[in-house]
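Chains: A, B, C and D, in written order; residue numbering restarts at 1 for each.
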Amino acid sequence: MTIILFGILFLPIFSALSITFFSQKHPSISAGISIAISCITFLLTCVLCAMTQSQTLPIEIVYTWLSVGNLSVDLGFLVDRLSLIMLFVVTGVGSLIHIYSKGYMGKDPSLSRYFASLSIFMFSMIGIVLANNFLMIFIFWEMVGLSSYLLIGFWMTKGSAADAAKKAFLCNRIGDTGFLLGIILVWSCLGTLRFGEISNLLSTNPAAFSSLATITGLLLLCGVIGKSAQFPLHVWLPDAMEGPTPVSALIHAATMVAAGVYLLARGFDIFALSAAWPQGLDWLKFSTLDVIATIGAFTALMAALIAVQQNDIKRILAYSTLSQLGYMVMAIGLSYPIAAMYHLTTHAFFKALLFLGAGSVIVALHHEQNIWKMGGLQKRMPITFWTFLIATLALCGIPPLSGFFSKDYIVAEALHKNAYLGTIALVTAFLTTFYMGRLFFVSFIGRTRSKVSDHAKENSTIITMPLILLAIASVFAGFIGIDSYLMPHYSSQSLANTNMVFPYPSIDQAPDNWFKMLIYPFKHAPMAAILSICAVIAGGFLSFIFYFNAKNDILSSKFKTVSLWLKNRLYFDELYQNSAVWLQDKLALICDFIDRWIIGGIIIGIIYRIVDLIGRFCRFSQTGNIQTYTAIFVLGIIVLSYWVINW
Amino acid sequence: MIATIETYLTIGLGHYLTVSVILFCLGLLGIMTRRNILVVYMSLELMLNAANLALIAFSRFNQNLDGQIMVMMVVTVAAAEVAVGLALIVSLARHKLPIWIDNLNKLKY
Amino acid sequence: MLLTSILLLPLLGALIVLALPASLRVLHRTIAITVTGIAAILSLFLLLGYQGGIQGYQFIHEIPWVPSIGLNYRVGVDGINLGLVIMAAWVSFAAVLVSYEIRQKEKLYYFLLLLMCGGVIGTFASLDMIFFYAMHELALIPTFIMIGIWGRGEKKVYSAFQMAIYLSIGAMMVLAGIICLYAAGGAQTFDMEKLAGIYSQNPMPISLQKWILPLLLFGFGILVGLVPFHSWAPAAYTSAPSAAAMIHAGVLKKFGLYGIVRLILPIMPQTLQPWMEILVIMALINAIYCGLIAIRQKCFAQMISYSSLSHVGFIFLGIAVLNSIGLTGAIFLMIAHGFLAALLFALNGRIYQQIGNTSMDSISGLMQKMPFIGMILSATLMAGCGLPFFGNFVGEFMIFFGTWQSHYSWPTALAVFTGLIISAVYMLRAIRRILHGNLSSIASTAIDAENTWRKLPFILLMIALISIGTYPIILTNKIKDPVNNTLEPVISLTMPDTTNSDSSK
Amino acid sequence: MNFAAFQLETGLAALVILLLILDGSCKQSLHVAKGYAAGIVGLGILLILSFTYLKTPVVIPEALIQLDTMALGFKRMFLALGLGFFIINQNWIARRRDNFISYQSIFLLSLIGMMLSSSVNNLLMMFLTMEIVAVSFYVMVGYNKKTEQSLEAGVKYLIMAGLASAIMIMGIAFVYGISGTLDFNELAEFTPDENSRDAYWMGIILIVAGLGFKISAFPFQYWAPDVYQGTSAPTTGMLASASKAVGFILLARFACAAMPLGSPIITTFWAILAASSILYGNLCAIPQRDIKRLIAFSGIANAGYMMLAFSVGGTMAMSAMFYYLIVYVFSILGAFLAISLIETEVGSTDMDALSCLPQRAPFAGFLLAVSMASMAGIPPLAGFMGKFLLLKALFIRGMADTPILILAIVALIGIIISIYYYFLVIRCIYWPANQAYLLRTSGSKIFLTSALYLAGVISLIMMILPGIYPELLLDGTDWMASTLGELLQH
């Protein structure tokens, strides 16, 4: 067990190191190492799953990494259902994307660097998943930030890529500031950072945080906002599409951005605490979960809206990712972590598939990303077309594809708990179908819109094979019972007081065959299921009208202002540029001015000049005239004797 | 009467010292004010002699000879000093340099 | 004996270099590399031989020096200076290795450099205050001369003098403070250990502490570059040749911080608290203010100088919060930052040597020309903005935790903010400007590190930085016991409640 | 009579006579070599004898001169210093193709005076030895009678020194008159009654002024920069080292005997003199461009540091002062070895001229740099230890007597300022600002005779060894200061 865990965690970094030191000049060997190791980690994950079937979870293996005073940080592995499922997603999707990358990036001269960075990413992501304490999560949290930075800026000679990488890292850092403070608060209030101990403590004494509960939750949430690109730190994710497409698929769609959701699920005990504010702030009545739900819903809606008017295929998908992440966060906010994790898993499959499909198109079209220059790919790239279609449908939530189930749980919960959030969820579902329909109809259906798309050809097996595998996963992920697998993780714990509505009252009542599963949403919350299907149909229909065989975007010509705002992503970048960045720049300017001129120039200059001046002045008493000297000599004697005698 | 005159006429330590100090101050003033180096040098000798006078007076006052021995030494040293000093002043003159003391101010600041 | 040989080796090397004729250029370098290399390797034996859990110093070597005034040669390590000595030895070795850029007056150069190496090692190994001080000065003066002769830029004379005067002011204050410590207790000894013992038995009069503490504190502060006494640092580091900047910024600057830990905390606990509260604020100013200035710099060397000052702010913070987590973090960060600053200045030197300036406006796309240097540079800059698995992160987060534990809530928030964001802003900006983007014409002639010897210093320092970052317990376990001893008098005086709650936990 | 006290001086006198005989007996070229060799050998033998033959002090009560520990120590110092300057003088004379014997014999005569001065135990002998030194210096300062500068310096020195000795004699007269004795031991036991107190103090201040002239303490220092600059480098070196040492030795004995050191008034008295000397010397040195003039000002400041010891009082401070003094004179020896080379080879003592040293005479350049560093108080050089010991004494006194700490602050400020100009000299040697000057003065290597190396090594040893192993010298100075301890006890 320990060996397997160590293997899963450290094999990828071993791969990164060996690529860096030994095979930097041999790209194919590097690719081989990296792919092999990611596949091995996947196999090891399977072995781990199999082993844990017979054991009681969670299993915790702990080594001390650091211990000073009452601060103790572990290198610890926490194996429970939550981490297993996440691990499965990360290594599974990761391996496929590794393979895909070989096809996609094959000719790049810095392939070794690419695979090394990818391995670092795998290492860090697995670290987040397996971590048993907050600080270890934070460490790997930062490390995924690094690998994201490296991979977004992979084509670093391109200014935009380098800038995007920087932006991504900084936005993450802003979130992490809160995250680290939150961790410090957790530690100072509870005295431990281990998840297991935290939930035990909180279940015995929910008031352990006293008045700091909500603040702690919100600070931890900052980390999530940064990593999962929730509003207001969502701006980095669309820019991150400057990176290679497999990276976008792996990091910025399937796994890393979902880490925020994973953290929310992991630390749910803290987030689920009821509202408690310190004195002076107690007029703020809301709890952490309220904030989480609101942010999630808002992000879902906003991103979906922006996606409607984007033209870059990857950017549309990026906003779609934002929107779906918003769903997941909202699900947590509705105290429904199982649904969030469920959606996370299915989303990982179909969104990775969408990105990889997009990547396949991009390769075929020689790095053309504008959807208005594509079109007519149905016949030219059949495998890509069909897999992309499956993924689109899954994303939109057409039963019986996986997306339907996971999304439906969230919509149902939202409608059940809060009508506003429910409405937002439904509207977002509608918008999702609309923009995905737009994307699909414009880029795949109809006639070709440019020369490059005329010459498009289907890619080789190494690219299509992962597509097919992921398509299979996207179709069937709804039936394999991810939700019921996760349920024991939560039901036993302190969630009783958060009035969480489970899809199944207990594990025994879970549907036991695929048909029951298929119809379960209709049985469980028929209203929500029907409404969401209606939204999907409406969205699909509308996009069919607008965009089937369309020559240009009708929306942007009809609603110019709205379209402009949406195209410009609601001017968030400009806003930040003109507020935060401006402020920071001016502060720096002031400090620099003070340092350069006031401290460095005036103060030091004055002191120096004064001393120098006194020196020059004293020097003039040396007149060169002996009689002056004698006079001073005698004067000195007179003064001294006068003073001594009159003492 | 005579006694009072005697006390006035008896020349005591105070008188010697007064003369000595006056001479000393004259010497000092000479050094500080006269421009000719030779005169300055003579003023210096005057100061030495003023000190000698004080030494002799004190020697008498203290009833021991230490002061007198000291005077002998001072006189000897002064002679040596004069020998060297005058040589220097002569070579100054040889260089056709002015022997006005305030012209010797090339070295300053 | 081990410590003595570590610190005497470079000095001996300096004498040998001095004795050899100036024409034997290769030999000078070889000797320098050999002696510092041996010293560096020997320093690892300290780590291996150090036994945890033992009170007091180990590897003590004592020679009576001037017994009449209580001045003895006494070296030894405990957890606090163990890491610093090792760091000093390795940075010295790396500094000698990067010195191939020097092509004139090699004899004088290596003589001075070896003096510096011996000085920095000796500073941290000494347990006697006067040796502690004198070794620091011994290392300081060569810096001045090296800036003058082999320095860069037009302002080098001004920077060298500014540094000399500034640091002399600091050093004089420290010297005065040291003598006061000697004189105040009637102890008549310069031994740090004995002194701490004596003053814990019968505390120094408060009336004296009131003067001596700020004297020492600000004296050390000037030597470290506490705002507003920091102007010397950017100027000097920009002008200094790489090796001098490496040793000075990396190692020698820790003198002041180490001095505060050794001489102020255990000896003057009674008046410590108010000053430390002020120091918290000053430390934050250091971190934020210098960080913000670093954002504005156009010259890479200037930027890393300010970033180094900003990091020093964190170390101050760790010391000022007066608890074992913060102080352990501070000492850890001293070591990590030593490697980091040395790396940065070595890289800066390499870039300067290849391109002729380090202006971030004119250099770009260097990664294409110098993949190895570029990789190390980006890793180092990342380490500088507190990335995990590099030593700095470990130190910094311990300091954050420590700050919070001492109930400084806003300072913690500000420190975290600075550590995570401001540092990232300038570090990433540097990567973006220098390494990424299109290759600028000025950089097109640059070449990467040619062979293993050229790469070695960077690799060594990087390995050091990463290994303490990934396996911090190797140092923290050794640091924490002496740190607790150091803080014991302070805590027992000022925070009786905390000790109780600590022990209950 | 204490015959032991002037055995060495007698030897030296014999050496002078020998040199004079040689002068008349052989041809020009031959006598130079012979005389030179004889001088070095003679001084060397005397130096060795002072360590081997005269190991134990011989103190005879009421003798005019004593061979106490202090005298013995300083005699050794003067012999070593004399040997060094003898060599530098010779180098200077050889390059001027001047008469060798006359200058060197006068120099050796002044050395006799200096050595005698360390034995002085009596106001009479104090005056006498001071005058022996002064009169020899009249000659030496004005010796270079072909240049106007030298003559001006000579006259200035003549008049100021004459004034100082006249004032001192007047002071001696008063002190003698009131105490009735010239002997230091008896003086130490004497306290003036209420009536004669003022006159007694007047006398003491006059004597201090006379000695203050020798050590160039503020405000009696005005002659020093001009004379240092005007006269030839070796003479300047001796003025800055040996002559100053004479002043301090006499002052130490006199002050310990006649002034109640450590009493508030005396402490303040010396504190004011010391502080003003430190500040004045250091501040004025900043803008100087002539190395000899710079050293004059630095010498004023150094005198100030040494006067701190009188302000503190006690044998520990005296010992520190002796330490400082000894290290200082040997630093000056090293510095003037280089400066005299510059003066003769380049013909200028401007600081820019120093830039030729690393190329043309690397050893001399190194020596000058080390001596500057030593004077600046950079460890591990001995200058640091000297400053440290003085400050230590100061602070130990200051712990009980807080106003003294102000003096310490002044001293520290002075040290900081001094670092600037000492480093300026180092800068001028090793990284010249003016490249053109460097080219103009670049020439063949200056040939250093092995004797010059000897002088340099003496200086180096005395600058480095006591710094690295202070006990070596500190034992000696403690031993020397123990003499004063007896005086101080009264």
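We adopt the following convention: a residue touches a chain if its C-beta (ideal position, glycine included) is under 8 Å from a C-beta of that chain, and two chains touch if they have at least 3 such contacts.
A quick note: this is a predicted structure, and the numbers were derived from the prediction, not measured.
Shared contact partners of chain C and chain D are A. Taking A-D and A-C together, the pair of chains sharing more C-beta contacts is A-C. A summary of chain positions shows that the Cα centroid lying nearest the centre of all protein Cα atoms is that of chain C.
Mean C-alpha position of chain A lies 77 Å from that of chain D. With centres defined as mean CA coordinates, chain C is found 66 Å away from chain B. Measuring from the averaged C-alpha position of chain A to that of chain C gives a distance of 36 Å.
Taking each chain's centre as the average of its CA atoms, chain B and chain D sit 28 Å apart.
Contact with two or more other chains is made by residues 619, 622, 624, 626, 630 of chain A. Among all residues of chain C, none touch two or more other chains. Among the residues of chain D, those touching two or more other chains are numbered 155-156, 159, 163, 167, 225-226.
Here the touching chains pair up as A-B, A-C, A-D, B-D, C-D.
Contact residues of chain B toward chain D in the complex are 13, 20, 24, 27, 31, 37, 40-41, 44, 47-48, 50-52, 54-55, 57-59, 61-62, 64, 66-67, 69-70, 73-74, 77, 80-81, 84-85, 88-89, 91-92, 95, 97, 101, 104, 106-108.
Within the complex, the chain D residues that touch chain A are 155-156, 159-160, 163-164, 167, 198, 201-202, 205-206, 209, 213, 218-220, 222-223, 225-226, 265, 269, 280, 283-288, 417. Residues 373, 378-380, 384, 388-389, 391-392, 395-396, 398-399, 405, 408, 412, 415-416, 419-420, 423-424, 426-427, 430-431, 433, 469-471, 474-475, 478 of chain D touch chain C in their complex.
Of all residues in chain A, only 619-620, 622-627, 630-631, 634 touch chain B in the complex they form. Those residues of chain C that touch chain A in the complex are listed here as 162, 228, 231, 235, 289, 292-293, 295-297, 323-325, 328-329, 365, 367-368, 375, 382, 385-389, 393-394, 397-398, 400-401, 404-405, 412-413, 416-417, 420-421, 424-425, 428-429, 431-432, 435-439, 472-473, 476-477, 479-480, 502, 505.
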